[in-house]
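Below you'll find the structures, each written out as C-alpha cells.
What follows is a pair of complexes built around chain A, which joins chain B in one and chain C in the other.
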Partner chain A sequence: MNEIVASPTIAQARAAGPRFGERMLSAGARCAIPVYVLLALGFLAPLFAVVAYSFATPRGFDVFRTFTLENYRQILDPANTVWMSFAWSLGLALLTVAILTLVAYPIAYGLARLFGRSAGLVSVLFVFPLFVSENIRLYGWVLFFIKGGVLDGTLKAMGLPGAPEFLFTPAATLFGMVYVYLPFMLFPMVLGLSMVPRDLIDAARDMGAGRLQIWHEVELPLAMPGILIGMLLTFVLAVGAVAESKVLGGQSVIVITQDIEIAFTYAQNWPFGSALAVILTLIVGVLTVLGIGRLDLDRILGRRS
Partner chain B sequence: MSLSPEARAERRSARFIALWTGFVVLAIYTPILCGFVASVNKGRYFRFPLAKTSMEWWQKTFDSIEIGMLVRTSLAMAGLVTVIAVVIAFFGALAYARYDWKGRRLYQKLVLLPIFFPQPVLGLALLLWFNALGMQMSWQTAVFAHLVWIVPVVTLVMAIQMYSFDAALEEAAFDLGASRLQVLREVTLPILWPGIWSGALFAFLLSWGNFPLSLYTTGPDTSVPEWLYAKMVAGYTPMVPALGSMATIAAAAVLLGMGLLARALRKRPAQ
Partner chain C sequence: MNMQTKPVTDPSAAATRASILTLTNLVKTFGTYMAVDGIDLAVADGEFLTIVGPSGCGKTTLLRMLAGLELPTSGEIALRGQVINDLPPNRRPTCLVFQSLALFPHRSVGENIAFPMKMKGIAPEKRRARVEELMALMRLPAHYVDRNVMRCSGGERQRVALARAFAYDPEILFFDEPLSALDYKLRKELEKELKDIHKETGKTFIYITHSLEEAMVMSDRIAVMRSGRMLQVGTPEEIYTRPQSRFVAEFMGEVNVFPVRRAGDGMFDGTRIPGRFQVAGDPAAEGFIIVRPEAMRLVAPGETVENRIEARLYNSYSLGSRMQFRLNVGEDHLIVEQLRAGGPMPDLDREVSIGWDSRDAIFVEA
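After this line comes the complex of A and B, so read on.
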C-alpha cells in the first residue's frame, strides 16, 4: 500500500518560494478546495435543505420555523400506499442489477482480455449513448415496440402475427432500466477485470487449474472490487430512476422518484416529498458509504506506484 | 494441428463473447436508429414500414425559431459547464491522483458521492435549495446543477489519466531552475492535455444530453432534452425524433472530431 509520503516535488517547490497559505495546507489540499466548495454548496447544502423541509408542516413552506414528524408519520401510515412505490423501485433495481451482471460480464471480460486493439473502439461504442439524453433513447424503444412500430411492422411484413403487448408494462420499465444503466455496470467491471494480473492466471493454469477453477478462485475474487462498484452504482441509480417507468412503462407502476416528483409539482406538498427523498437518500447513502468506504481507489483506477 | 479440449473451449467462449458483444452493441443502437427512421417519415404518425419518406420534418426542425432558441440555450449551458468544470476538475484531479496528502483517501470517496446519487432526486434537492435561497431558476442555475454531477465525473476522467504522470519530470524541471509557473506551462500541462481534452469532451457532451437535472432547475428556460420530453408526453410530431437525431448526430460529430484531432496531434512530432 502506498502510504502518505511527502513528495519531493512539493518539498522543493516550497523551498523554491513559500507563498501565502502554503504552510497551512499541502498542495493537494489546496487543489481540492474548489471541488469541496462545489460539493458543499451543490450537494451537501441541498440535501440539508431537503432534511429541513421534511420536518416542516405538511403542505406548508414554513421551513426552519416549524418542526413536526407528521410527514414521516404519513409515510408509515398503512393506509398510504407509498410503500408500494418503494417496493417497486427496490425490486426493479435489484432485478436490474442481477440482469446487468449477467449481460455485462462477458462484454467486460472481452474488453479487458480479448479485444486487444479494438477494445478502445468498442468502449467508445458503449460510452457514446451516455451523451444522448436517456429520454431520446427510451423513446426510440417506444417506436420499436409500439403497435405498428418497427418490431410489429417487421413481423407482420414477414407474415407473422405481429409483436406481443410489451410496452407500458412493468417488464418494459425493467427493460428500459437494464438498457440505460448498462455502461454504469460495464465500465467498473472492466476496471475490476483489468486488475487481475495475467501472470497469475497463467501460473494457475501451469499448476493444473481448470478454467472454471481459475475463474472461481483467481479471477472473480481479484475482480470483485470493480464488479461490486458496478453493482452498487447500478443499484443506487436504478432505485432513483424515473424516466424509464414514465416513457417505456407508461406509469404502469409508480416508482418512488415519481412520487417525490408528484409531491414537489402537482401536489405542492414539498415537506412530504422531502420526507420521501430523505428515506430514499438514506437507502442510497448507507449503501454507498458501506460500499465505497473500504475501497482502495488508487488501485482500482490504475495508479502506478 | 489438433487443439487440446482446453484450448478449444477457450476459443468457443471467445467466439461467444464476441457475438454477445456485437448483439448488445446492436441493441444499444436500435432505438437511436428507430428515432432516425421515424424522423424521415412523411406523414405525421409513425407506422412501420414507412409508406413514404421525406426530409420535410428535418427541414421544419431546422427552420424553427423555437428550436433554434432551445439549441442556443443547450449550447450556452454545455459551453459554460465545460469551461468551469474543466478548471475545477483539473485541480480536483491533481488532488485526486497527483499529490499525496493527508485527506486524500477521504477526498477520493467524497468526490464519488454525487455520481452515486440518483440525478432526479439531486435535481429536486437543488430546486428546493435554490428556492430556499430565494433564487430565480434559469439556465444559469441549471449550469450549477450540471456542475455538481459533471465535475466529479470529469475529475475521475482526468485523474485516471494523471495516474500515469511521472512526477520525476516536474522534479527535473525544478532542479534545472524552472519556476512553478514555468513548470506548469512547459512540463505539466503538455503532458496532461489529453486528459484535459477528454475531460472537456465528457463535460460538454454530458451537459448537452442531460435531462433529469435540467428538468427541475432551468425554470422558464428550456433545453433540448426537456423540450423533447415535453413533446413525447403530449404533442408528438416527427420533429421530436428529427431533433433527437440531430442532437445525437451533433454529439457523434463532436466526439469524432475530437478523436481525429487527438490522433492528428499525436502523430505530429514533438516540438
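After this line comes the complex of A and C, so read on.
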C-alpha cells in the first residue's frame, strides 16, 4: 500500500528535474558530507593548528600572526639533546615490535589453528586486561618488581637472595611496552593466520612440503597482511608510548612523547612542542607509508596479476 | 620416473592387472560417528576408479585417509603390498586434487605447477621445462606461466590444479569432486578431457563424486558408497544393468520401483502398486522390480504385453529426441520414456495402459 501511495510522489519529484546540488554531487557523495565535516573539524583542524603553532615565535601564543623556523632550528641544533628522546622512542618501539612478533606468532598460531573451541576463552583472557586502565596495570607491575615487592619478597621468603634490580631501567620500560601492546599485535596476526585456507596447507603437505617449507612457502606469505597490520599498529602506538617509561622506567630514559608533554605543560612552550610533534608525525608517517607499500593487498587477494 | 604413455584401451583389462592399492576392513570414526565403516577394496594399477555416493556417505573421509590427511581408526591401507597407514602425505607417492583446488593465490600459474618440484629440490631449469610440458598437456596457453592463478577462469584453474598434481609425479591421483563448481557444459568437456589424460598418462585415478552421470562417462570401475560402506563395485555397465540393491538402482537416475511378493503360482503380486508381474530368472520371494523409464512403454488397447499396469496420464515432457510421460497410480507416480513417435500424442488426464517386458526389468532383493 505504501508503495502505491509513494510512487506518484517520486514520479513527480523526478519529473520536476534534479534540484540544486543534485547536479553537482552524486547521492553517495552527499551522504558522506557529515563524515567529511566531522573529519575536517575533528581531525584536520587540530593537525593544522599544531603545524601552524610549530611556526610561531617560541614561548609565545601568536599563532597565525608570525612565521619563524626558530623552533625547528632549536631541535636540529647539535647542542640540543632532544634527538636522544627520538632515538629512545623509535628504538624502543622497534624493539617492542620485534619482540612482540616473536612472542605473538606462536600464540596466534595456537588461537587460529590448535585451540579449537577454547580459542574464544583464551582470546577473552588476552582482551580482559584492556578493561583496566593502563596506568593501574603498570603500577601493578611496579608492586610486583619493587624491592620488597611481590617477586623480591617471595624469593626471599623461599630463602633465595631476592630479585635483581630491574625496576626503573630501560629494560623495564621495554617490558611494559611489550606487555601493554601484546593484544594489538596478537589479534591482527590471528586474523591473518586464520585467513590461510586449511586446504592450502593440506595440499602443500600432500605435494611433498615439510613443516618448514609449508611455513615459509604458504603460511607466512598468506598470513603476511595480518602480521604487517599488527606490526604497524604496534609500532605507531609504541612510538607514542609515555606511561611505561614514566612508571616502570622511572624516567631512566626520556621518550619523545614526554618531551612534547613537558613543552606543552611545565615549559609552556607550545610552538616548540608543536614542532617536536610535527617531526614525530613525519617520521612515523614515512615509516608507515613504507610499511603499507609492502602490504600489497591487491596482489595477495589476486585482484592484480 | 617420467610420465609414460601407457594406454588403457580395454577397461576390463584394468581389473585383472595387479592391484596397486588394497584396503582391508578400513574404518574411520569421529567420536561415536562411523564415517567409514569397514571397507575392503582392491584398486588395479592404471585403473580409473570412481567412488560415488550421496553427500555424507564417507567418500571424502575415505579419500583423505588414502592421501594421508586422516589417520584410519583401524584397518589397513597397502600400496603395492606395503602398509602405509602411518606414512605422512608428503612421503606418499599420491596426490590429491582438492574440491577447492587449493591453488596458491599468491603464486603465478607457473609457480603453482612448479611447487611440488621445488619441494623435491629439482633445479629451476628442469622445473621450467617440465612446467611447459605439463601446460601443453593440459592445453594451457604458454603465456599463462606468469599470470596470477586467481586471474584464471574456472576451467583454467582446474587444469592448473591437474598440472600441479602431475608435477608431483604421483603413482596414484585422487580427485575430490574437482568439477563440482563448474557449469554443466564445461564440466562435460573436462570429464572427457580427464579421461583422455588418464589414457595418455596411464596413472591410477581414484575419483569421487556424487554424480553417477559423471562416474559413467569416465570410469573403468564404479564403487557405490552409502553410510560408510561399499554397496557395489563394478564396471559402469554392471552398475547400470545389474544393480544389486534398490539404492544403487535409484542412484543411477529416475527409475520405477514396484515392491512385490511372490504368489503361489510363481507370479509376483505388487504390494504397493496393484498388479501381477512376471520376473525373469530365479528371484527371491520378496523384493523390488525396477524398471527404467526407457524400458516402459505406452501399450495400445489390444496389444499383449508381459507386464501391464493401468494408470492415468498426468503430463508429458519433451526431452528433445525422446518424450517423457508422468503417470499417476493412486498416490504413486511412474515415468515412461520413449522415442518421439510420429503418431498423435495421447491425451492428458486419461486412463492409459503401460507395460514392460520382463527381461528389461531388474529384480533386487528387499
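What we mean here is this: the second predicted complex is superposed on the first by the 249 of 305 C-alpha atoms of A that agree within 3 Å, B and C clash if a C-alpha of one lies under 4 Å from a C-alpha of the other, contacts with A are read in each partner's own complex, and residues count from 1 in each chain.
The rule is short, and it goes like this: a contact is a pair of C-beta atoms (placed from the backbone, for glycine too) under 8 Å apart; a residue touches a chain by one contact, two chains touch by 3 or more.
Quick caveat: nothing in here was measured; it's all calculated off a predicted structure.
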item	value
Chain B versus chain C as contact partner of A:Val218, first or second or both or neither	second
First (chain B), second (chain C), both or neither touched by A:Leu182	first
Contacts of A:Gly273 with chain B and chain C, given as first, second, both or neither	first
If touched residues of chain A are counted for chain B and for chain C, the larger one	B
Contacts of A:Ala204 with chain B and chain C, given as first, second, both or neither	second
Touched partner set for A:Ala163, first chain B, second chain C, both or neither	neither
Those residues of chain A which chain B touches in one complex and chain C touches in the other	301-304
Contact footprint of chain B on chain A as seen in their complex	2, 4-10, 12-13, 16-17, 26-29, 31-36, 38-39, 42-43, 45-47, 49-50, 52-53, 63, 103, 106-107, 109-110, 114-115, 122, 124-126, 128-144, 146, 148-150, 152-154, 157, 179, 182, 211, 232-233, 236-237, 239-243, 246-247, 257, 260-261, 264, 270, 273-274, 277, 280-281, 284, 288, 291-293, 295, 297-298, 301-304
Residue ranges of chain B in contact with chain A within the complex	6, 9-10, 14, 16-18, 20-21, 24-25, 27-35, 37-38, 46-49, 87-89, 91-92, 94-95, 97-105, 107-122, 124-129, 132, 144-145, 147-148, 151-152, 155-156, 159-160, 163-164, 167, 170-171, 174-175, 179-180, 205-206, 208-212, 216, 224-225, 228-229, 232-233, 240-241, 244, 247-248, 251-252, 255, 259
Sites on chain A touched by chain C in the complex	197, 199-200, 202-210, 213, 217-218, 221-222, 299-305
Complex contact set, residues of chain C against chain A	67-69, 88-92, 94-96, 98, 100, 102, 104-106, 108, 115-116, 118-120, 146-151, 164-165, 168
